[in-house]
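Think of it as A, B, C, D, E and F in the order they're written, each chain with its own count starting at 1.
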Amino acid sequence: MRPSGRAADALRPVTLETDVNKYAEGSCLARFGDTEVLCTATVEQSVPSWLRDSGRGWITAEYGMLPRSTGTRTAREAARGRQSGRTQEIQRLIGRSLRAVADLPAMADMQIRIDCDVIQADGGTRTAAITGAYVALHLALQRVVTLGLLGAVPLTDQVAAVSAGLYRGAPILDLDYDEDSAAEADANFVLTGRGGVVEVQGTAEEKPFSRDQFLALLALAEKGVGELVGLQRRALGLD
Amino acid sequence: MRPSGRAADALRPVTLETDVNKYAEGSCLARFGDTEVLCTATVEQSVPSWLRDSGRGWITAEYGMLPRSTGTRTAREAARGRQSGRTQEIQRLIGRSLRAVADLPAMADMQIRIDCDVIQADGGTRTAAITGAYVALHLALQRVVTLGLLGAVPLTDQVAAVSAGLYRGAPILDLDYDEDSAAEADANFVLTGRGGVVEVQGTAEEKPFSRDQFLALLALAEKGVGELVGLQRRALGLD
Amino acid sequence: MRPSGRAADALRPVTLETDVNKYAEGSCLARFGDTEVLCTATVEQSVPSWLRDSGRGWITAEYGMLPRSTGTRTAREAARGRQSGRTQEIQRLIGRSLRAVADLPAMADMQIRIDCDVIQADGGTRTAAITGAYVALHLALQRVVTLGLLGAVPLTDQVAAVSAGLYRGAPILDLDYDEDSAAEADANFVLTGRGGVVEVQGTAEEKPFSRDQFLALLALAEKGVGELVGLQRRALGLD
Amino acid sequence: MRPSGRAADALRPVTLETDVNKYAEGSCLARFGDTEVLCTATVEQSVPSWLRDSGRGWITAEYGMLPRSTGTRTAREAARGRQSGRTQEIQRLIGRSLRAVADLPAMADMQIRIDCDVIQADGGTRTAAITGAYVALHLALQRVVTLGLLGAVPLTDQVAAVSAGLYRGAPILDLDYDEDSAAEADANFVLTGRGGVVEVQGTAEEKPFSRDQFLALLALAEKGVGELVGLQRRALGLD
Amino acid sequence: MRPSGRAADALRPVTLETDVNKYAEGSCLARFGDTEVLCTATVEQSVPSWLRDSGRGWITAEYGMLPRSTGTRTAREAARGRQSGRTQEIQRLIGRSLRAVADLPAMADMQIRIDCDVIQADGGTRTAAITGAYVALHLALQRVVTLGLLGAVPLTDQVAAVSAGLYRGAPILDLDYDEDSAAEADANFVLTGRGGVVEVQGTAEEKPFSRDQFLALLALAEKGVGELVGLQRRALGLD
Amino acid sequence: MRPSGRAADALRPVTLETDVNKYAEGSCLARFGDTEVLCTATVEQSVPSWLRDSGRGWITAEYGMLPRSTGTRTAREAARGRQSGRTQEIQRLIGRSLRAVADLPAMADMQIRIDCDVIQADGGTRTAAITGAYVALHLALQRVVTLGLLGAVPLTDQVAAVSAGLYRGAPILDLDYDEDSAAEADANFVLTGRGGVVEVQGTAEEKPFSRDQFLALLALAEKGVGELVGLQRRALGLD
């Protein structure tokens, strides 16, 4: 029995609320249980200098946590004057994940900036961020298409993410904070709608795990992402 | 006629939603029209080093804006590595305003950290922040009382804030972004429930204004804050 | 009786010494009693990038305190690696105050940088800075006119500043450091030569003040600024 | 045929030179082909403040690249004033990898600082760093045992790392820079001497990869790490 | 003939004005021609942590330039967020120079902080700073003696500094800015009242100089410092 | 007898190993006894903006120490977020020293970046850095000549550096760390192949030294640099 009482292969209740921001070209509030991440997508008609004249567009992401999104207050990064290593690791992951399903050459001279801000954290903020960011990105690109700036949404697949871990030796899906703190291993999987692997990040917290255990985590994640991409399609009105 | 179509002395629709955060000792989501500020209060059992052994407690505040809270994206302060002058000015103002109605000696060895994060900005973020922060602070202190750490809520009055400005020469209350951009003068008033003045900040945007004009702005603000403190009492269940 | 022994409506001895710097296009050493602020104005033939092609010029200000300008040494901001919130608040105030009396369209493609450095601090450094900065600015613009780069000094009025506060319930003008430390309320007024209000910043230090008290402070400030603009005119040789 | 001409499952020539630094308690220069990483281990008799009185020791790591370790010069992070996201990501990985095979409770009140500095980079610097850092750590702990401060080396297993990737659809082991630049997917595996998984980080560079492809990479990595732990044992004189 | 028209071995007019600051324990405004440096000495009853329990006191220095102390405005270091290499080099030099004539063991548990701020720069700011800092330091230590905290002023000698350089092949003393810009070599000498060498820093600007030229510069400096220590004694009332 | 047992005028064993880096246009590992400094030279086809259109090229240098190059670990400057004053002082010195023997007009539009990274430190890192950096610079310029970008190596002389100091009153050459810690005075001399003085930096550690003592140090340095330029010529294959 896992701490949350959920079945081993059960996601938390997930909602993907769209158009939650008055200004952004695309926005989505992703809730995985008590974890809430506000994702916005901003379209810019310029690319970073190193991409200029490359014929390719770009997608980049930033991540942050509100100070009291956590059980004990986390110091504000703007006040400390630097982003933590964890923050940078996560925002790089979000950017890479989205670029893996984007047709960047079709986005020449366009940059999309994704902002993922954690309003409340209860485990799995990076997976909720990626799952919600895809929705915000898709909405923003739809708007670009509507404006006639692109002929079609330049995305080749959907992408979503979920965690899986080992708790008392058993594989469980989508860990909340209490589960994550007690897990022996924790892995984040970024998978596509068609089942491809975009990113895998697995970490043994206390002792190494085996190849078979890792495969069990991957199987759970494939099930979970399957459900998440369905929720994305519904949020986007694609079904 | 002002741009928003409101009467000159009309506030925007204001809501003060309490207990919006799972972790914070007190929290309030303040909405002034499309402006949304999430305010949390965190209680700490230690004071800044310069206050140690002074027999006084402390209240401090931090302020931030989500990058896409604004019409065009604002660069993330954590990524730039420093808080802007404007941010520092506002967070100092919030802290001073709350301390002015607090009985700091009754809070010895206790510090309350207020975080005001702008989820969406449409003018008046600092006044919404102060108005909501008071509610979050009050809730946090009530919890401290409930826990038996203090005998009574150490607040001597309520405090709320509102803006007023001159638009085409006429005084108007609670400016939204479009009105603020077009105003000849802009003033923020932090007033107490009993009508005292805590802070006054008035700025002529283009040309100086007169003493009489300034008094007209103050009169509008007194009316507006009167309504806001009523909303605070209802949100806190004090009436 | 106020601590300094002055009458309630009396300024400290004020001197505005001009041309105290060998290099600056305009300079003024403003002394308000023991407070000494060195103000220089530097003319540049370029504007910030966001103003380019706008047809307007710009005036900006920076403020600093020498470490031992204060009774106990203040840490050097250059060594700490960031300007304090107070510093940023003051330098933004100085810039806004001067721009309020400038004809910026007449200054197209020109930027004036004002530097206000506190040599010795005894209360009222920001008001001395604004009062002296106006003189430095005027001198620099006169030189620009002399060089034939502008046809007339593009200033629409004079601007000066003074503080007023409540000491033991009574309104007093131009507080020195000891008076400021003991005051119940403190306000800074930036007013023009013709009596307009440019900036008002009032703060209750311990308990809120009333509207009438605030009006009494404004009346004192109007008297004080009246004297200061006279001193400015004499320093500039305008009478 | 891969660019380097190596067999798909062949490591580059690897050497692990020990005691290359006069001062460090343990040191190792790890060479994977033209990649050279200098690893030192420093023993300190104090732990980070958040671990004090926890009865546990700690191992932490820092990573850096000499500016001209790369084909085109990389800006010096000390001069830019901040470590990049990539640097922070790698140094966090090195620390986690080593802690996974350490008996931290046996190291109470002791911290080991690992420094991994890239002298020359030709792909795989993080895997060379982990492989060499284990050797430096082991040497430092042996010295601590020799000094009588610990009864036995508090390591529960060996740990080493290697990369694998997909090049033209085929899995290859231990990519050099040219291979890495051309690969469709890249994964880093941190495995133990007994075959356990400590960290897995797989990234699709251009298009997602499949579960089977991922398993092929893991199989290559298991072979490669098997050889690396043998080299570690020889370098440490353990066989 | 040198640009300033002075004899090759002539100092500029030098004044050392004492007690120019209301708060500092010791202060001196050093003028070398148009170069003006305000030097203050602050006495603290604590030493840096690495000196604690060492039985020694400490003297440290900080240096800064007002933005418009120079012909074209220099960016404010506090605004840029870091002190330049030049600033750090100079403040380290000032500290070392003063410590060389101090009896640090006699100053146990006491630290003197020297601040040298350049009000106006026309070459030789570091030499003026050292020369004036000695006077400020001496005055501060006299005050400490007067207060009975020390039995005698813990200084073993006087120290002063001057520059010398090669201009069109000829050695000249105390270069102003124009001379410095045109010189082939520039050296700064920190010497004691009894003729000892504390610091020598010589730099060939364009082409190397010879040993004999260097000795000629040293001879000029010995003459100049002889005069400066006399002026110091007069300023301190020691003769 | 000096601590190292060397004769007073004896250098440590010095080696200058060339082409130690796969990528740099020029590289040299300079060893002075146990001091090891890796010097690389990078050629860039652009100059700093303030030199553009000046018809002159530029040489600049950066310096760093690996954290465990020292007996006790030195904090990593990249992690602290700023370079120390000592680091900046040394890298400025290296740059000036090399520029003094370069024909910068002949290098128009070209910049050479020198990186000197201390692998192991045992005193004299800045002198080893300058001596090795000259070799790396020469090699890089030779390559530029080979590529036909310049007609001849634009260096007017060789440059090398060595320290000398007073130990128990006696002058000694090329101090190692233990000697440096115990010395009464320490001086660094940067001299050219033809015997010219480029830089002299002498510091009395505890008490001032005399002119004659200084001349004795210079004589030692002339002997030492004579040997070093011979080693440079051999390393470069110039004899």
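Quick note on the criterion: contacts are C-beta pairs under 8 Å (C-beta built on N, C-alpha and C of every residue); 3 or more make two chains touch, one makes a residue touch a chain.
All figures in this text were calculated on a predicted structure; none of them were measured in a lab.
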So if I look at the partners of subunit E and the partners of subunit F, which chains show up in both lists? none
For subunit A and subunit D, the contact-path distance works out to 1
Furthest chain, CA centroid comparison against subunit E: A
Is the contact between copies subunit C and subunit E built from the same residues on both sides or from different ones, judged by whether over half of the numbers are shared? same
Determine the centre-to-centre distance between subunit B and subunit F, using the mean Cα coordinates as centres, and give it in whole Å. 59
Taking each chain's centre as the mean of its CA atoms, how far is subunit B from subunit E in angstrom? 50
Could you check subunit A for residues that touch two or more other chains and list them? 81-82
Reading around the ring from subunit A and passing subunit B first, what chain order results? A, B, C, E, F, D
Which residues, counting only subunit D, touch subunit F once they are in their complex? 21-24, 27, 34, 38, 40, 42, 44, 62, 64, 66-73, 76-79, 81-83, 87, 113, 115, 117, 119-120, 122
Which subunit B residues qualify as touching subunit C in the complex? 82, 84-86, 88-89, 91-92, 96, 100-101, 156-157, 187, 191-192, 194-204, 206-211, 213-215, 218, 222
